[in-house]
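So that you can tell them apart, the chains are marked A, B and C in the order they are listed, and the count of residues begins at 1 in each.
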């Protein structure tokens, strides 16, 4: 069993914990004793962090809506279709008619890339996230 | 956020979480700390065990309120008159820290003039809190050497959220309880990287590190780094986007939503639904097929936190590194890969070989993250921003020597009545919030069997006196109706609420509370008035 | 008579462990790069550091009884209809690997023995626990220096063990004093005799001296025996339990970190419409859902009695059932609780109330 250091994905406390990994599955969590916030304990959500990761309802492939229904597709299809659609809308209506929601659940690096994408590629400042909710 | 930014110059927690244990007085407002921020509650228990005094301002009798030495159980939405009352008492009893006010603040005279017009009897009439309690709380808070204020969404999610925050900041400045270890004003952030998403410029008016889009010098720096010409027009806010605000010419035609679920989290869901349905193109990246993803044209399967490397920033501004533990399931990929691939296909190559390389670019362009290189964050507990360069040790508490904006600015405020007062047709005030066992829209937490067992259905909390009067038994199915819509709950008797107030949380798609809530919001921070709306309750037979 | 006491020079510890690792996995307290010490499966003996001066923050519980364990998977044959026959179960037993647990503290060894009575002592053996437990070898380390929150002396599980281990090591400065209890330990000494020399009288004296000194080093005085006795006499400290319950924040951390809390829940997790997994997960008696019945009735008043079951189970019910308290005095639950509701606080409160009463009684006699 491996212990992989991570940060709890729920609230803003940012507890340090170890994910216990056995054969590619997270089977438990252990709070870090020395971490300045967790100090050896987690709340009920943190202690059950591993339970959703392997939920069978997780999305495992890209989906594209065809004739009103979301159907599995390849990454190439999904990405190409998205790129073309966004370019077409930008072309036709201008960049400020596209909006982007960043995520308080994603990493700093991902949020940085998304706002860079929004500003540099789409060409708009229409980016926000649920900080106020 | 906007409230603290305009008074102190920075919208983040001024202290570290651990500093709370050593405070002498803790003033806690609008936070059900034991449920929403258990680690903060733990520090408060520690402090109280060591002799600290606890003052709680909350319309609900929370666990923290039961522990408190003074519980100011105010009427919902009356923070400003209550704080003006406290500040008036501080003025009357000569407890103002005049030297601090003179050395470190500005705009004090208008506040003093406003306070001198305050009638404490009127304050009591508005807030429902006795003059004696207000004066006691003011005295305890002002007299201690190490007093700290913690607040949460109970303060900000109001039509006057910004003014509420400014009033709390004013109280701290008036008594000199800021700019030091163990004292300050600490907003508790709700999500694990909400601080980071703001820091990274996931906001319409600012680039990473709160550098203004409107500032040509800033834009020039980013133009050169990114090889583009950036738009100088601040973008639309979340609610403008999801509610399709503005003229028809501003309405969005396409959206890219990364890991958010506005179809459950945003107020007035009918309007959100109409907006999303009106789009020509919607793409969503998420772990699950959320209510929002189900409406998309394209859905990208994303990686969870355990399946990627990167950093997140907690409430105390601590940037921490997360290690990848396992591979994503099936063809799911991390959001960074998705964005890079999409960008490449749209003609703008983003070629980063690792998240560490992305961070190097962030360090280069973001002064407050200047020294946050990954190699400095691995094998330790991270660094707290501002951290300007490689040699900088990070900043445990903010505003040492002076406020980030120079002088702290007092912003006098007067009472703003709730946007939707109760009346005979809608006689109850509904407060919404988060429960202990679930998280936000429940996308993750409701997939955890243990959490779901502990809390498996949407409850509406009501004081037993009200329930008896309406003749509704505990556990009944009830329908709650506001001017905008209705949804169904299970009634739960709850002594901790004042009669006339109701409480429910928003994690359940079976009871999408935000069909009830208002779109009214704070004019500066655009925070919706989630905490209050007028409703009526009927038993479902 | 077979010799039972040996000396292993410290220089030979790593070579000895390297030999043991040839046919077994090695679990030992390892200090990681974040400064946390945990019982960890070692992949690299030379580049990971075994830490014997710190208390491992986890116990051995999760090695035999993981937080989440798949018991079997099942399929449903729709064609058979709604009856029980539609279900097919395919058990999945964990691999029964040979593992040596090195540097195990006395309290943790005692906890494994307690778990053995729970999972293997009844009429039905728990096959999942058994599979992980069967081929385990325990080399314990007597505690010469108890940690900050330890009270194994009061719980009578340490600091030195008299039985239950395969080998017990005692640190005598430059060498370990090695005692053999179980046959598996004897086999190890026989298999690698080159590492062990017979212990002499000086060694035995030094060993006794170390044991004597360690008893004086406990920083906490916890009256476990008195608490057990008071509860046995029918003491019901309602006010104390209500006070502690009000401060409990329902995290379950005390039960999860406890080496002897063995309650679990079993849930079926569908993987698709016609198949799924049956999983067992750790549970805690402080949770509302632990005792809540259909129709929302709960035999436990969750506000005022949340922690009652936990303390009574440890200090009263297990004494009746197994002859001794199941709190091993490791102190892990101390200092980690959000509300400060740990077993030491309960025992202290219980005994303090009794002290007050006795004082009153004595005053009365005067």
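The definition used in the following text is that a residue touches a chain if its C-beta (ideal position, glycine included) is under 8 Å from a C-beta of that chain, and two chains touch if they have at least 3 such contacts.
Protein names from UniProt, one per chain: C = 4Fe-4S dicluster domain-containing protein.
These numbers come from a predicted model, not from an experiment.
Trainee: If each chain is a dot and touching chains are joined, what shape do you get: line, ring, star, complete or other?
Mentor: Topology of the interface graph: complete, with all chain pairs in contact.
Trainee: Go through A-B and B-C and name the pair with more C-beta contacts between its chains.
Mentor: When the contacts at A-B and B-C are counted, A-B has more.
Trainee: Distance-wise, how many Å sit between the C-alpha centres of subunit A and subunit C, to the nearest whole number?
Mentor: Result: the chain centres lie 37 Å from each other.
Trainee: In whole angstrom, what separates the CA-based centres of subunit A and subunit B?
Mentor: 20
Trainee: Quick one: subunit B and subunit C, Cα centre-to-centre, how many Å?
Mentor: Subunit B and subunit C have C-alpha centres separated by 40 Å.
Trainee: Could you list the positions in subunit C whose residues touch two or more of the other chains?
Mentor: Correct list: 34, 249-251, 269, 281, 287, 338.
Trainee: Touching at least two other chains at once: which residues of subunit A meet that condition?
Mentor: 2, 5, 16, 34-35, 41, 43-44, 51, 55
Trainee: Return the residues of subunit B touching two or more other chains; collapse runs of consecutive numbers into ranges.
Mentor: Where subunit B meets two or more other chains at a single residue, that happens at 38-39, 42, 381, 436, 449-450, 454.
Trainee: What residues on subunit A touch subunit B, complex-wise?
Mentor: Touch residues, subunit A against subunit B: 2, 4-16, 19, 21, 24-26, 34-38, 41, 43-45, 48, 51-55, 57-65, 70, 75, 78-83, 85-87, 89, 92-93, 95-121, 123-133.
Trainee: Inside the complex, what are the residues of subunit C that reach subunit A?
Mentor: Listed in rising order, the residues are 32, 34-38, 40-41, 57-58, 62-63, 66-69, 249-253, 256-257, 269-272, 276, 281-282, 287, 335-338.
Trainee: Under the stated contact criterion, what part of subunit B meets subunit C in this complex?
Mentor: 34, 38-39, 41-42, 45-46, 49, 63, 66-67, 379-381, 436, 449-450, 453-454, 475
Trainee: Can you check the complex and tell me which residues of subunit C touch subunit B?
Mentor: 33-34, 246-247, 249-251, 265, 267, 269, 279, 281, 283, 287-289, 296, 338-340
Trainee: What does subunit A use to touch subunit C in their complex?
Mentor: Residue positions touching the partner: 1-3, 5, 16, 18, 20, 22, 27-35, 39-44, 46-47, 50-51, 55-56.
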